Every structure is written in C-alpha cells, then in structure tokens.
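Next, two complexes with subunit A in common: one pairs it with subunit B, the other with subunit C.
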Partner chain A sequence: MTEPTRISTLEDLKAALQLAVGLELSTIPVYLTGLYSIEAGRNTDAAQTIRSVVMEEMLHMTLAANVLNALGEIPGTEPVEFQGRPNLSPIPAYPLDSPLISGIGTLELLPLTPRAVDSFVRIEHPLHGAATLAAIPVQPGGFRTIGEFYDAVDAALADPAICPDSAFSAVRQIPDGDYYGGAGHVIEVKDRATAREAVLKIIDQGEGLPEEYLHRPAKTVTDADRLGSGWQMYSHYARFRELQTGRRFRTDQQADQNPAGAMLLVDYTAVQPALYVPRNGDVDGSPEGAALDAFDLAYSHLVDGIYRAFAGEPTEVVDPLDVHAERERPSLRRAVHAMYGLRNAAIALMRTPNPAKPGHTLCPRFSYVPPGGDRDKLTQRIENRIENRGGPNR
Partner chain B sequence: MTDHGTPTPSPQQIFTELSVALTGFDRAELAGTGLIETYYTTLLRIIGEREAGHLFLAAAEALAADRRNHDGEALRRQVVENPRYAPVIVSLIKLWYLGSWYPLSGGYRDINGSTAEDVEHVVSPQAYREGLVWIAAGAHPMGAKPPGFGSWAEPPSLPVF
Partner chain C sequence: MSTSNDYDIVIVGGGISAATIAKTVIEKAAAQTPPRHPRILILEAGRATAMSADKYDTYVGAFQEALAKVPNSPYPASSSAPQPDVLDIGRPIMGPDGTTKVPSDNGYFVQMGPLPFGSDYARSLGGTTLHWLGTCLRMLPNDFRMRDAYRHSVNWPLSYEDLKPYYERAEWDIIGVSANVEDQVYPGIGGDPAKFFKSANTAKFPDGVYHFPMERIPSSYLDQYLAKKSAGLVVELTDREGRPHTFPVELSNTPVGRNSQPAEGYQVIGAVGNFDQGQRCEGNSSCIPICPAQAKYNALKTLYELIVKYPDRDPADGARKARVAIRSQCVVSRVRHTQQKDGTGTVTGLTYRTWFDDGSAPVDHTVTADTYVLAANAIENATLLLASGAANTSDQVGRNLMDHPLLLTWGLLEDGVGAYRGPGSTSGIPAFRDGSFRSERTAFRVEIGNWGWNFPENAPYDTVHDLVGGGESGAVGLYGRALRERLGEILPAQFRIAWELEQDPEPTNRVTIDDRYKDALGNHRPVIHYDLSPYVRDSLPWAAEASRQLFTQLGIGDQVRRPEYRPGDYTHYDPNDPSAVTHDGVTYWVRGAGHVVGTHRMGDDPTTSVVDSHQRSHDLPNLYIVGCGSMPTLGTSNPTLTMTALALRTGDRIAEQLKGNDA
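Our next item is the complex of A and B:
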C-alpha cells in the first residue's frame, strides 16, 4: 500500500491550509446550485438538508482560515506551491478536478437531480464511493481522500518539529459571533490545541470522515452540532444518504446501512431545469449573457470580501447619501449580505430560459474572475448595462 | 405576417418586449422574477383576449418601428399615449413594479365596461416579493428576501442584476 503524503515543513502546512480553505469553498457552489434550483416552497426537507450542510461548509472554510491566520499566514486567492507542485489554485473553477484530492471525482454544478445527489454522497463518503482506499489512484504530493488530507494536516499541526509552540498566535481570528444560522461554533485559534480542535471539528461534521465512522450510529451528534432550537446535525454523508434514498435513518442504524426510517419526500420535477454552461469569455450581448456575467462579478466580489475578512481588513463603502459616514465596514458582515443577494440572483437565473438551450434555464457559473484586466472588462460591461437601463435597444 | 414579411412574434413574446420597454428592465431580468407568464394571463383575464390582441398588435408594430429608428417614439405615440391603451399601460407598469393589479381608470370603464377581476389585489405572494420597485430602490420587500444582519446600517445598493 502506498504511504499517504506527509506534510513535513511549515511552508507546506501553510500551503495545505490555503488549499483547505479553497477545498471547503469548492463544495459550496455545488450544493448551492442544487439548493437554489428547487422551486419556491417545494422540497422543503431536501432544501433544509442541503442548506444545513452548506452552512457547515462555510463554518469549515472559516475554521481553516482561522488556523492559517494563527500560523501567521494570511489566507489568499493566489495559487500556492505545495509538495513541490507549483501553481495550485485555492479558488475553484467548474467542472473541478481537485488538484489535491484524487478520489473526490469531478465537481459539477447541477440542479437537484438524482445524479446531483449521487455526487453529494460521493463527495462526503469517507472513501468518496470507492470500496477501499487502495482502489483510489494516488498522485504524488496529493491525497486520495479528504480524510487523508486532514489527517496529514492534523499530524503536522501536532508535530512541534514542524510548527513549534511559538508558531501559533491569536491573530486575525474570525469570532464566533460572526457565524449565525448554522450548527457548531467558530473556534478562535490561539495555540496548538485550539488549532487541532478546529481541524477536528471540520472532520467531525463530515469533511474527511474516517472510514470507521460508517460503523457508528448514523445519527451520531456531537454537542457542538446542535442548533439552539435543538435541531441536531449528523454527518454530511448520512444526511445526503437520506436524500439519496428518500428515507431517514432510524436512530439505531449505522451510517453504512440503508436508511430504513420515515420517508423523505423529494420531488425532482419541482426543480428548475438549469443547465451549467462554462464561462468562455465570449460576449454575445444578450440580456442572458449579461445576467450570468453580473452574477460572476458579484460572486467574485463576494469571494474577495470573504478573503478580506480573513485578512482582517475592512471593506470601503461610500455612502452616496452621507459622504461623512464611516467608510470602513466590517468585511464579513458585508460578505454575508452579499451571500443573501447572490441567492436571489441565482434563483432568478434559474428561472430564466436559456435561448440557446430550449427546455433549460440559466445556471449560475460561480466563476471567480481575479482582479486585473478581465475583472476590469467585466466591471465595465456590467456598468454599461446598468447605465443603458431604459434605453431603446433592450 | 407583418409588413416586412417577418413572422409575427407570439403574443407572449410581444408581451415580454412591451414589458421590457415599459419597465426599463431587460428580458432576462423580467424572466428572473418568474412572473412573465403570470402577468400575461393576469392581463388577459382582466382586459379580455380581444382587447389584449389589439394592444399586442399595436405594440408589435410600434416596437418594430422603434427598432428600425433606434428610439421609443412609435411606442410612446401609438400605445403609451393612445387613449385606448394608456390606462392599461399604467396598470401594467404598476403590476411589474408593485406586484399588484390596480383598477383601470373610470374613463376606461365607461367605454369598455368593467370585470369582476378589475379590482386592486396582490397577484400572488411571489408577485409581492419580485416587485421591480425593490430592485429599483436598492431595497428589499419587507418580510421577504432578508438581506442579513446589520444590513440596515448600509447605504442602499443596486442588487446583482
């Protein structure tokens, strides 16, 4: 059996954590596309399930960022070098073949379909659907499963030869109060123990679940995994298995069994027929193309806002109604507002027919356009569009 | 067939193009509300298919002329300011912006009679949520589309689209 990749330097650990922030980010658009494709008011149980997982992915992204910051490294969107492999981008582009986790398969943006749910289960399965770890091909400097990756991260965090106690300090931590609406809590990392606690929480909620968890009760809930209302979260894998099979787990069942509890009704016809078409840089001048571009620009701003929050930087806002108002606003709070806005925009796109694909609607691309020439062109196009509102050629 | 031998667009297409011209939002933005079909049927229910047909024909001809001339003059003269259609146009603009149907004017009723449907009403919960007024104002419908904790401290901003 191949030995898993080990993280043996502080530089590699920091690069791994940069990629961990991106790994957590990369699952969010996949799940959100499924969630937002559900017609208003339909499939409420399925929507609740997907939403609960997305909320925790956001928590995991924040936890990874807190660990990285505690090691003195600012989370960033730029590509990193890891295990001698240059140019690994933390920011996902879809369809995504993870540069880090070979077993996870291609991440695609799909509306809620049985195939999409199969892929959700595959992402969250400890072995990503493979029968054995050995069955997953390994690439040098990569990992077969998310579990293997976080094991390596945890082992490095535990090793004083890689990161001495002096490497940890409580800087730029996102506080727990900024996370609301989901289960679990943000851990502010100040030392080795809290860093490992943060990584353990990511694993415990379902990312990189160890294989033996399959033989534990499916509805295992940690204390941190309860909402104030008493609603209990169990592993992402078990939650998505329920969606996949249309049945809930009974409390006495193990995660590797077929759920045999109450029915979970999923109506795949109450879903918008959104079809993902990758961004190719062409500008056809159509309102539909402009709407997709506007979404990408807003998403890019959102990603930048989140990373600004991780960097401890405020966001500059000019209030046109009060030029003397405080310009520096908390970045994370602004980013959360942008998330709500993006949700409305995604739902609108998925209601809009795609003229080039009869029977389908538009699908948000969640395409990050990095600051620079392409971003400037995109911004210019969207500004022109707003200025042309009400013009004769619409 | 219209004067240039091009096929007449479907009534739904004409309704969409007319709505684009009246609201200032493009067809993707209007489709994004999910209400084009709802408002089309609302209009037909209230003014009747025959009158809607007259309106759509006049609108299609005016919109075609405006496309050729790159202005909005024909639509303004032949539809928006035409006494026959003006009250309907006013109600249609309010419908898109507010999600509510507002009754046609007394003058319109004197000529065309009235229908039981032609009373003030919110067309649907979705119509309230998707009113264009909220986008235009950079605000959100009260009680729906929550913008997040602390958003009240931020200046209004134009939404994503």
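Our next item is the complex of A and C:
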C-alpha cells in the first residue's frame, strides 16, 4: 500500500490550506447548478437537501480560511506551489480535474439529473465511489481522497515541529456572528486546538468523511448546534444517498446500507435542461453569450469579494440615518448581496433557451476571470453591449 | 395529577400568546422548587398546515397565485373556522337617526357601523403572526397612564417600569428583535434611549446597558433619502387654543421581529422545520402577507420548539417532562362554568367541535383542566365569552374595541428610491407619539412604507393599467420596451406614509353576538359596532397637515392624480370608498392596521374591567383571558410586543400557582 503524501513544512501546510479553501469552493458551483436548475417551487425535498449541503460547504470554506489566517497567511486566489508542484490554482475551472485529489473524478456543472446526483454521491463518498483505497491511482504530491488530504493537514497542524505554538494567532478571523449561520457555527481559530477543531468540523460534516463512518448509523447528527430545535443534519454522503435512491434513511440504518425509510420523490422532469457550454463555445457574440459573460463577471466579483473578506478588509457601510459612529464592517456581509444577485442571474440563464442547442437552456459557467487584462476585456465587452442596447435590462 | 382533570392547562387559540404562555409556564415550572411538569393542550380553531418548511411553502404558493395580495391571501379560510378578510369590508347603511338600517355582513364580520371595522386576523395555527409586519416598538411611559398624564382614557394597572423586564424577555426569548438602542429616540422618554431601555437584569446586561438580541435591519435607501431631504424640518401644528406644537422630523430605525446579525450568545431561530432557511431577512418585500423564508418571527417557531422538546407522550427514559399537545381544527364553542349572574364561579370545562376537510361530520368534545386560558384573538375571546355568558359581571366584555385607524398619504418622488425592494418598513418618524396635545387629540406614529403605492393604489398593477391605457378613453398607451422603461421610472419613485392614530377606548365600540348570525358550525359571528371618537378624528387634519409640510419639503407638494405621472402629492380620498370618514367637511380614508385590541380590558376594579393585571378573570379565578384584548389603551406601538410581554407575565403567574399542585 502506498504511503499517503505527508505535509512536512509550514510552507507546504499553508499551501495545502490555500488549496483547501479552493477545494471547498470547488464543490459549490457543482451543487448550485443542480439546485438552481430546479423549477421554482418543485422538488422541495431535493432543493432543501442540496441547499443544506451548500450552506455547509460555505461554512467549510470559511473554516479553512480561518485556519489559514491563524497561521499568518492571507487566503488568496493566486496559484501556489505545493509538494514541489508549481502553479496549482486554488480557484476551480470546470470541468474540473482536481490537481490535488485523484480519486474525486471530474467535477462537472450539470442540472439536476440522476447523473448529477451520482456525481454528488461520488464527491461525498469517503473513497469517492472506489471499492478500496488501493484502487485509486496516486499522483506524486497529491492525495487519493479528500479524507487523506485532510488527514495530512490535521497531522501537520498537530505537529509542533511543523507549526510551533507561536505560529498560531487569532488574526483576520471571520466571526461566528458574520456567517449566515444556518449550517452551524464558525470556529474562530486562535491556537492549535481550535485549528484542529475547525478541520475536524469540515471532516465531520462532509468532505473527507472517514471510511469507518459508513458503518455507523446514517443519521448520526454531525453538528450538535441544531439539536435545540430538533433540526438534525447528518453527513453529506447520507443526504445525497437519500436523493439518489429516492428514500430516506431509517434512524436505525447504517450509512452504507440502502435507505429504506420514507419516499423522497425527485421529479427530474421539473428541471431546466441546462447545458454547460465552455467559454468560446457556440453562443459567443450573441445576446446569450453576453448573458453568460455577465454571469462570469458577477461570479468573479463575488469570489474576489469573499477573498477580500477573508483578507480582513473592512467595508465601510455608512448609514446616513445613523448619527453615531459607524463601526467598520467586515466585507463578508457585502458578499452576501452578490450571492443573491448570482442566484437570480443563474436562474434567469437556466430559463433562457440555448439557440445553438435546441431543447437545452443556458448553463452558468462559474468561470473565474482573474483581475488584469482578461477581466478588463470582459468588463469592456459587457459595457459596450450595454451601451449599444441602451440599458442593462433589455 | 391531583385532580381528575384531563390537563393542567388548556389554551384556546394557537397564536403567539398561547405559544408564549405554554413555553413560559413549562420553563418556569421546571425551574421551581419543587419542579412541576404540566400537561398542556392547545386548541386551534383553524388548520395547522405549516408545521414543516415544505408545508409552509404551500402558503407561499397561495400568496404567489393570489390576485389581491391581502393579509389573509396565503391562509385559506374554512366555513367551520371563518376569518375576517379586508376584501369583505363593506359599509353598513345607516338610518337618519344613526341606527343601522342594513348591516354589512358579506364576510365573517357583521358590520353594524357607522364605520366598518377595517382590520382582520388569521385563524390558522400561528395566528396573525403569520402575516404581521414584525414591528416591535415598546409602549411609552405615558401610554400606560393616559388618565393621570392627559386626563383622557384610562390608566393601566401596570407601568412601563413594571412591564420592562417582560419586554426584554419578549424581545430575547420569544420573538427575537433586531434593533440598536441608540436609534430609538422617542418623545416622552427624556431624550436618552439608553435610560429608557436600561435593564434591571445586570446579570445579563452588565451595568444595565441593554442591547437587543440582533442588530438593526439596515435602513432602506428610501429612509436614507428621506432623512437627507427632510433634514432640519420641524412640523408645526396648531391646537384648538391656537397654541403651536412643534415636531422635529427625525427618522428612527424601527425594532422588528425579523432576523438580522445576532449579538454574541444569541441563537437565531430559522424557519420551522428547516434551520437553513430564515436565518436573516433577505428583503423579500412581502412581510405582509408572508415572509417566504421565515426570517420574520411567527408563532409556529415557538410552537414547533414546544412539540419537539415536549412531545405529548411519556418520555422513553422515564424522565419527568412537560407535555404539549396541539389539536387543530378544534373550535371551542362554550366555556362551561358555575358563574351566576353578577357572581363569581369557576370554569368547569370547554366544549369544542372538531371539523374535518373530508366531509365527515364534526365531532363534539369536552375537555377539563385546572387552568383555562383564552388566547383566541380579542374579537374571538369576546364572542366566546358572550356566547358562554361568562366573565362579564363588569359588562365590559366586547367593549372598547380599538385599532390603529390609519391615514395613508402618498406621492411620487423626484428620484427613484428603490420602492418595492426590501422589508415593508424599516423606519418611522416618532415625533408625534407623545406630547401635551394628547389632552385634546390623539397621538400617532408615522410608518414609512417601502412598498410604493401597493396599499393606496393597488400598485404596481394599476400603474401598469394606467400606462397600457385602454381605459375610459380607449386610447392605447405604452407597450413593450417603452412600457418597461416608463415603469422603471415611475415604480421606484412611489412613496407612501401611514399615519397610525391611537384609538381611545369607547364602550360603544363593541363586539356583540346575535343569534341571527352564526357560522357553519353554529358558532356566533362577531357583530361589530364601530366609530371614531372626536378625539381620534381631530388628529386626521393634523396628520394630513404634517404630511403636506413633509411633502412640500420633499419637493412634491403639487397635487397630481393618476393616470398622470410626475413628481407630486397623489393623496386623495374618494368619498365613495367604504373607509371614507368626513371630518370638518373634509373626507379622509381611514384604514385598519390589523391591530385588534381592547375587548376584555384589564384593571384593578372588577366593576370596570374584565381581567386583572395578570389577565386573570375577575369573575372566574381559574380562567385567564389573554392577548391584545386585555390592553386598556393602545398607545402608538404595534401591540404584538406588548401582548407578548403580558403573556410572559401571565405565564410566570400560572407557573407559580402550579407549585401547590402535584403536577
């Protein structure tokens, strides 16, 4: 059996955490594409399931950023060098073949279809669907599963030779009150213990679920925050398995069994037939292409906004009604506005027929365009178009 | 249990008062020595559709499909538990001698006039909190002592200081209120909000420095625009003696039961059955009639917590725990009691009728308990008591019905201000809430509406009709892109204010019953006599004049009417509207605010009040009659927060009385 990659320097640990922030980000567009493709008011069980997982992915991204910040490194969108491999981008581009996790397979943007749900299950399965760990090919400096990756991160965090106590400090932490709150609580990282607690929370709720969890009751509650109101969240894998099989788990079942509880019906016809078309595909130059461009620009601004929040940049929100001194406000709250905007734009795209692909509608590309020349060109293209059309809403 | 009764407590009505009392009694009794674990039954007349997030979505669907988005549009009524609806409001025909010639009875209410009662409520589990706006203003100190301060109306048996700790608990433990103390600058509090809110609970609030559980909901762009444009404006109004009264126009962010940024240690309560939803107000712009995300508090949240924590079965682990049962579609028709005319007695049981949606015949039941609580809305409490001949030695049951009669003024601003975006209202102008003028005319609160002209002009729909044309002239107007552009100019500039007048208690404003008017189950429909006193009417010209001064300052003083659209004051009142009121030769429209108050008022004197300050019946000691009906006067605050504070106080009292019982 191959030894998993070990993280043995602080520099590599920081790079790993940069990639961890991106890894958590990378699943969000995959799930959101499925979620936003559901016709309004339909498939409420499926929508709530996917939404609840996305909420936790956002929490995990925030937790990874808090750990990274506590080690004195600002989360960023720039490529990093990890295990001697240069130029690894934390920011996902779809279809995504993870440079880090070989077992996870290709992440695609698909509307809610049985194939999409299969891929959700695969992403969240401890071995990403493989029968054994050994069956997954290894790439040097990479990991076979998300579990392996986080194990390595946790081992490095635990090792004072890699990160001494003095390496941790409570800087630029996203506070609990600032997180949207639904998926659990943000852990503010101030030392080794809280850093490991944050990583454990990521593992416990979803990504990197240890294999032995499959032999535990499927409905083991992953986050005790909720028990006060009877709201129970179990692992992402178990939740997606319910979607895949169309049944809920019974409380006495294990996660590796077939759910045998109440019916959970998914109507795959109540879904927009969105079709992912890569940038520079068939629709460029058309109004549809412009709409896709506008989405990418909005998405890029959103990603930048989130990273600015992680970098601790406050945004001044001046309320003219407020005669009292206004505190500086963290910018994560501003990014929430952009998230709503993005949702509305995604839903609009998925209702728009794709002129080049009869029977299909447009699919948001979630294509991040980094600041600089390409971003400027994209911005310019959209502005020109607005000028030509006489307004943004035509 | 020491008695042979079915339950320790039976509560009639499944709204916020019921939820608050049940939760308070259970938590308080469990913490007492010796601890008690009461068994509680809640009887709800309407349906319990929405006890999970996806069922709640059926309400959202009904709202989206409704052509008129009135408060009850998402909540389907039943002939077995009918509910009033603002669409049913009609004007009774009055004879020359002032008596009713033809009542207006096309809805649930039988309106005897001279004015129709303009408000409604919801008969569904969760009650009217399903469609409240969420405004959580405390009453002002003088609101509790109107007789002493202004020689008008009556005093409460409680002071603001008495109720303050319960206000704090209502804001933290039940509703969850978003506000910043420093924004709450009201007249009559001595100029210092920190002092008005100073808490005696120094364990929770060091040095008594109070803060709300969540930060303010950000003020809307409209609020900011108005604050800038009206900076320095002082409205001047003249009283009957010719004395000027000045009112500096300052906007104040309104405390609301809508989720926002939590303070440390406060757990935000999300949607019932789906905690991922409803964490924060997302500005869906439909607080009334429904918050699709449940960021706005509704009583289902508290009721859900109760049935999850205290299910109505013996705990598997043998631990002693309270038990809560909620039965919906159970309409109580009689309070059974031993009271003789003008004497006291006890309640011996409740008769209720369970109805079904599948056509089965309704089934009658009787239930007994040690303590009975009527929490069915002010009007429902009154009709039930009157039908039962109970608790009415004072002859005050059903009397002193009050609302916040509401004058709308509206205009088209010079600039787009983002109307129809964000919560219904985020700020108000508190200047008119208190002052020496209250000895001659009523106080009012100014609510700044963020929903354009939806209330006065049925916008945006009627605006679209105006622009499309084809009306009386038959001329075709705009369509396509030109229509969209014009709408884009007009709709965001629409603006309206609600001037909510405090109504004073009058014995002739009353709910009665009449055997000629019954519902499908044979229960009495409310028969309502309603008018506005001169004390209220005298503030109509004041509110209208204050509006004119404000609109002039905003640069929209010109009188304009639809279908013309340019900046100006569009306020006008058609005398044929059912809500028309004429005062000193001028016509106004006076709408209801949905604040149904005052039918079983509290007081120390059993000859002039129905309940004591703990909302316990003077006549029937094992009966509590709770809710807005207990309020002797209304002040200018939306009443739900005060009702909740009163329910907490009642809950504490009921828990103390359980001490002696082997519950």
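Following the convention adopted for this analysis, the second predicted complex is superposed on the first by the 359 of 394 C-alpha atoms of A that agree within 3 Å, B and C clash if a C-alpha of one lies under 4 Å from a C-alpha of the other, contacts with A are read in each partner's own complex, and residues count from 1 in each chain.
Heads up, the rule we're going with is that a contact is a pair of C-beta atoms (placed from the backbone, for glycine too) under 8 Å apart; a residue touches a chain by one contact, two chains touch by 3 or more.
A quick note: this is a predicted structure, and the numbers were derived from the prediction, not measured.
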item	value
First (subunit B), second (subunit C), both or neither touched by A:340	both
Which of subunit B and subunit C A:287 touches, first, second, both or neither	first
Touched partner set for A:188, first subunit B, second subunit C, both or neither	neither
Subunit B versus subunit C as contact partner of A:177, first or second or both or neither	second
Which superposed partner A:51 touches (first subunit B, second subunit C, both, neither)	second
Subunit B versus subunit C as contact partner of A:197, first or second or both or neither	neither
Most subunit A residues touched (candidates subunit B, subunit C)	B
Subunit B versus subunit C as contact partner of A:159, first or second or both or neither	neither
Shared subunit A surface residues [contacts with subunit B and with subunit C]	180, 317, 319-322, 333, 340, 393-394
Touching residues (chain side subunit A, partner subunit C) in the complex	41, 44-45, 48, 51-52, 55, 177-178, 180-183, 226, 228-231, 317, 319-322, 324, 333, 340, 391, 393-394
Residues of subunit A defined as touching subunit B within the complex	40, 180, 286-288, 290-291, 294-295, 298, 317-322, 325, 329-330, 333-334, 336-337, 339-342, 344-345, 347-349, 351-353, 362, 385-386, 389-390, 392-394
Subunit B residues within the subunit A interface of the complex	20-21, 24-29, 31-34, 66-67, 70-72, 126, 145-151, 154-155, 158-161
Subunit C residues within the subunit A interface of the complex	53-54, 57, 60-61, 182-183, 218-219, 223-224, 227-228, 251, 253, 261-264, 267-270, 273-277, 279-280, 282, 304-305, 308-309, 427, 481, 484-485, 488
